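Given below, in the form of structure tokens, are the structures.
Look for chain A in each of the two complexes below; its partner is chain B in the first and chain C in the second.
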Partner chain A sequence: MNALPGKLNLSEWDDRYEQLRAGGLSEPAYGGPLRRHVIRERDFRLEQLRFDNSPAALRLWNFLLTENERLHQARARGCQIVGTMKDLGTVPVMAYSLPGVRAFYPDGAWWTPCLMECSDRLLQQAEAMGIDASFCPVRAMLPAFLNGEHFPRPDLLVCSTGAVCDDFSAIAQRLEHLGQPVLWWEMPRRRQPVAGEISCGLPGQLVAPEIQVACVRSELQRVGQALGELARRNLDDVLLAEGIRAANRVRRLLQTLRTTVYTAPAAPLPALEMLVVEMLAIHFCSDREEALAVLEGLLAEAQSRVRQGRFVIEPEAARIFWVNPVADLRAMNLLEDFGGRICGSDFMFAHALDLIPEDLPPLEALARTALADPMVGPTSDRAARIIRECQAGRAEAVVISRIPGASHCAREGEIICGLVREKMGIPAIELEIPPVCDALLPALGSRLQALMETVRARRTR
Partner chain B sequence: MRVYLSSPWIPAEWVRAHQLEPRGLWFAENLRCGIPSISAGVCAWAEGVVRFAGAQPDSAVVFTTACDQLRRGFDAATAHGGSGAFLFNLPATQTSAARQIYRAELERLGRFLLELGGRTPTPEVLRHEMLQADEARERLREAAPNASARSLAEAAARLFEQGVFSAPSAFIPRDCTPLALLGGPLSAPDWDLFDTIEAAGGRVVLNAMENGERSLCPKLRNADCPQSAAHTHAVPSPIPSPILMGEGQGEGIDSDGRGEGQGEVRVPNFGFRVATPRTPEAAVGFDERVAATDALAAGYFENITDVFQRPNTRLHAWLRPRLVSRGARGIVLRLFTGCDLWRAEAESLREAFGLPVLPLETADGAGISAHDVNRLEAFVETLQ
Partner chain C sequence: MICAGIDAGSRAIKVVLFDSDHSQVLSSGLADQGVAQERLAVELFEKLLREAGVERSQIAGIVATGYGRNAIRFADTTITEITCHARGVHHLAPDARTVIEIGGQDSKVIVLEAGGRVRDFAMNDRCAAGTGRFLEMVASRLDLDWEKLAELGRQSKTPALISNTCVVFAETEIIGLLAEGKPLPDVVAGVQNAIATRVSALAGRMISPPVYFTGGVALQSGMVRALEEVLTNPVRVAPQPQFTGALGAALLAGQRARSVAL
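What follows is the complex of A and B.
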């Protein structure tokens, strides 16, 4: 039953699944063969992907792909469902502090057109609602909200605003105009304290003036009151502190997993699975306890492979630092097909990977964590962290994947690329990856191939 | 020194009170909204502002966080230094936290203006500028319904830059289709749009562009009565600005509060300190300065009416009675290529007001293409 580490396509996973079952594979309630997601949910994209062959990866994929189903089940059991948008990692910590509340990101619907290879027609429906292709694929969230065919309509919808992407903010506003109430909370654009201001340390080696921390703290207090009213229980410091400790358990595991995978001599887990598993940090894929179990399984697998010196990617692969999540999951396979491996990542929520301070009053700690969001501060701050992590992971190149229509992508890539080249002297490129990138495969392939060749040429100098 | 503001929601009178010259970026003669980066998703207006900032070593440019494009445009403009740029955090919400942010940003801008060579405004100067601008706005608001659209835009430009009222010429009644013009900034080279609309048989009866009638804030509360303002809603300034402290004070302090000294007051719950005046001379007018600044901040903050606000119901609430009273039969939505905020609003405007909306997109903010003239003519024709 134990196979050498490797990647399998969906058909190969069918066989692998039968072998594992015959060998006594134990699965959680949401377990099953990956194939069923194609048959039941029309997740056709799975047929184009290649997956890690471990039972731990199977569990990860099943966890990811059953999220909507699990949310519906939770509602049926009487749980309150909170939709939380844009902040990527903070409000869910608060929501999961309350018993009987589950939080999820409707933003996650941005992967639905990819998974369903646009057969869902969500993007076309969004266009009919006035949100055309000039917007980020997160526009899929809009019709998904209204047609109720994906995630359940939340009992409370919370969205951060201010220093956020224009396209997201505009789509969320459109949603409200279409009748979905939104609780907006202000996220100021993070800046350096000026002379005379009280400076607060934030996770991620950042600082902000106290007035900004106070602003976010007071806004989160407002959010906390709304969550408490929903749950009919006061979200007090005791509950919040426990929620923070639980979130930190997830973050610690994830940190260990990232370090294990990104610093290993070769990749013990593929890039695609690492992208998916990092997403668990932001809202635990709607089940905090199960997210821990999934992470523990993957960490054990990665550590075992490293101990045995067995990897999924060859040691000579180019070490790539990847910036931004990809609209098409297949892009992560492509990177490896062309001779790369991930040695670090910034999928736009670095603040959700950092530990939330446990020695501060809970709301203060959450406010500081929220303000450490790489997307609300200067691009140079984000670039500085990327450079630090590139150095730690001995990156040989940086790839910035542009999200079509995303307002942040218009500028940040140029700035980050420039700083990476200047400070590290390594190549950096931008790639635009649409929800289904098949038509662009030749162009994407050429660019990736050229990058890998550049990296290899630099090694021989 | 000229200080170019990228938003009318930053008080021009604050700049004037610091003895500097406020300018609206949308009126700048050499603002060239470019298109080279359009394919990369950059908003043409933001691109123009970034380029303008890079080409004006003797002037300052104030960016805002009103949109992601300008916010990140500031990052681009300052990527390699650039002391002449400032980013003003315009809050999106109308919460008490947002109000404090706005007030604090005004103080921080004041410090920046002093660094540029401005002078600390006395309460009298500040109050004078506020009252003058207030009165001019009121007169222009009253004149707007009967003004020629182009003349009104010109008068609004003069008001912004000089703080004084100049009477717009009256509209000459004739048979034409009343339209509202809505969108972000309308730059001076784009004012031909008013003529084009008239040539097509329409007339702009409501200039709801960012720098049009929307920017003519109603009378600021307590602008002429600083003492009462101090008692009603004065919030201690979160940044110990030279205005409040006297120049040359204020080093960075850490979150433990180290660095506090005599003559400073820690404000509970806000986490910042405010310096009490250290000399009898500095104490003169202290309360009045605080009160006048509070009144200015409150007056603007309470009247921001824009698409970036969340929710942006204030924009809709502002539009609704005016669209009705002016008899607008359609809305021309002027937007820059790459502007998500206005583009997404088109459908909501149709639904909210039951009026046809014609989006007119521009990549360079100058003029209108032959194709769009055709669309405009067809739009007006269908409304006749």
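What follows is the complex of A and C.
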């Protein structure tokens, strides 16, 4: 049941789903109408969003919204569950190298208040625990750990510390004090090698002193040992190398998808779906093999649309490079409502989109990739990559969405804006987007509308 | 060709009727904002038409801007305050390279290219401390009108230090300062400095001279002084600063009407 590319609200998706089913839609076990997530899980926010109308997008959303269910099922089957926090992409590669182990990001619960429009009361419960709105919405994971209503309690919780944001660290420490054991591993703040130090190349055109890579390698070795003990199997180089190759299959597909979507004359997939799909690079949504299938479906859809010249956003749309994930998914729809499209993104885990070197010893390769995390180095490094990708994507403006309370981006936005203006001469704005941005919609809309007006005026130069 | 610009701000509605053939403002007016925004705008618009002796049918185009622009359904289109203020200030002062607008609800820094196009902009979106709302709160708390507030600010010799960047907490601080016997002019000047500091943080390194100050708050001379100090740049007040947004909207309405006619 083919339809022209477009965006549908939830009610329209109800009808579309029935049509697709009548037309013989083939779905995985977690498939079904999107509406059921509102009814069963109270994901009320879905009623405010508009989604891509393809079966591939339906599969993506169902995959995303059934992650907790998948984790509970895995636990019931005897799988070991690993919670991993803050490393954004590295520890899951190690965990999935071991048969019978699943990894997930409990801090991903920061989107739960948005999806459930705060009906979960996670933020209110976090406040009652002394973690108020001056902290990042990641604080939602704290009560989620305790009430067990979302994800299962992990058998092992691994959290990086050191060069991570302060409020995240505070929340994770509170969790530990509440009785949840945490395996901490240290991430040094990445720096340039000084005279006399051995320099080491990292993915993303970065360098670091060899001594820092060695430090991360030894920390990851400790994490690997703990994972092996959990799985009762030694996480050796053979397993790790295979895990890296499998992770790279996901990353390659994502790279191709991003290139297809971001460089197309108009957007073949909406910004919202691109935000969700990019997240697969870090967590595989708790099923690495299925993540591949979801990505293949979306890539085939995007390529087919590009071949046919059929898009979801008109070609005149302003080409926007988007920095940071948004706390309220609705913001991505809003960008398109005001005449923008995404031509590139940095959702804080650019390093997880880079291929992990396969020609190095596995732990060395993982250590170098982990150290390339944009969040553990100077903002100027992150800005340099953003500028390179803005140039590649012919960005006409940059939007930096701030996460209220997140300490790692308190000044970062201003620095990136300044460098983008200086090096590229294009407008750059910061937007603060809380988990439910309804009350701010007029103000957010004004800023986006003003940005689009500015971009269009610049075109007529 | 006569066009109209309507700036439906959070504090007031401003309307400008502009004759683009003779490049002159035919009439301009201001009314307090209220719940029935569109009705207030219609009343003001019709009053200005009568004053200028212009028929409604002679109006070639209407552009609405400002916070409440989407409520002005009789406008042909809406354009944001960023674009309208930039256009209005450029018309009045073609040399302007930076426009600072402090409105009742938000503040903006707009950087212009030589031809008047917007190069970049920044808007505050965190709190009321960098906006005219802060001054309104102070005026209300001190039971002063807008003009008296401006006058008091000018009399200050040693402005008070307002350390809080939150309007609600700053109010407590102001009460404390007054209780300590701090002279009223110094408290007012302290508030003006606090607003200016917030605006300078918003501007970051974007400021490029000449800097023009617009919006109703620009009528507060103490604010001009405060901005000049924190920006370390001379700050010029746009002529009739409360109307630059509406003027820009009227100019853009003319531009739009001409392009539609072609």
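The definition used in the following text is that the second predicted complex is superposed on the first by the 461 of 461 C-alpha atoms of A that agree within 3 Å, B and C clash if a C-alpha of one lies under 4 Å from a C-alpha of the other, contacts with A are read in each partner's own complex, and residues count from 1 in each chain.
Note that in this section contacts are C-beta pairs under 8 Å (C-beta built on N, C-alpha and C of every residue); 3 or more make two chains touch, one makes a residue touch a chain.
Owing to the predicted nature of the structure, the values given are computational and were not obtained by experimental measurement.
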| item | value |
| --- | --- |
| When chain B and chain C are modelled together on chain A, clash or fit | fit |
| Partner chain(s) touched by A:418 [first = chain B, second = chain C, both, neither] | both |
| Which superposed partner A:446 touches (first chain B, second chain C, both, neither) | second |
| Partner chain in contact with A:210 - chain B first, chain C second, else both or neither | first |
| Which superposed partner A:200 touches (first chain B, second chain C, both, neither) | first |
| Superposed arrangement, angle subtended at the Cα centre of chain A by chain B and chain C, nearest 10 degrees | 80 |
| When both partners are placed on the shared chain, which of chain B and chain C touches more of chain A | B |
| Partner chain in contact with A:54 - chain B first, chain C second, else both or neither | neither |
| Partner chain(s) touched by A:454 [first = chain B, second = chain C, both, neither] | second |
| Overlay on shared chain A, then closest C-alpha pair between chain B and chain C (Å) | 6 |
| Intersection of chain A interface sets (partners chain B, chain C) | 414, 418 |
| Complex contact set, residues of chain B against chain A | 37, 40-43, 65, 67-69, 71-73, 75-76, 79, 87, 89, 91-93, 95-98, 100-101, 104, 108, 111, 238-240, 245, 249-255, 257, 269-273, 308, 310-312, 338-341, 343-348, 351-352 |
| Of chain C, residues touching chain A in the complex | 67, 70, 79-83, 106, 117-123, 125-126, 204-206 |
| Chain C contact footprint on chain A (complex, rising order) | 414, 417-418, 421, 425, 427-432, 440, 442-443, 446-447, 449-450, 453-454, 457-458, 461 |
| Residue ranges of chain A touching chain B (in the complex, touch as defined) | 129-132, 134-135, 159, 161-167, 169-174, 176-177, 182, 184-186, 188-189, 191, 193-201, 210-216, 218-219, 222, 378-380, 405-412, 414-415, 418-419 |
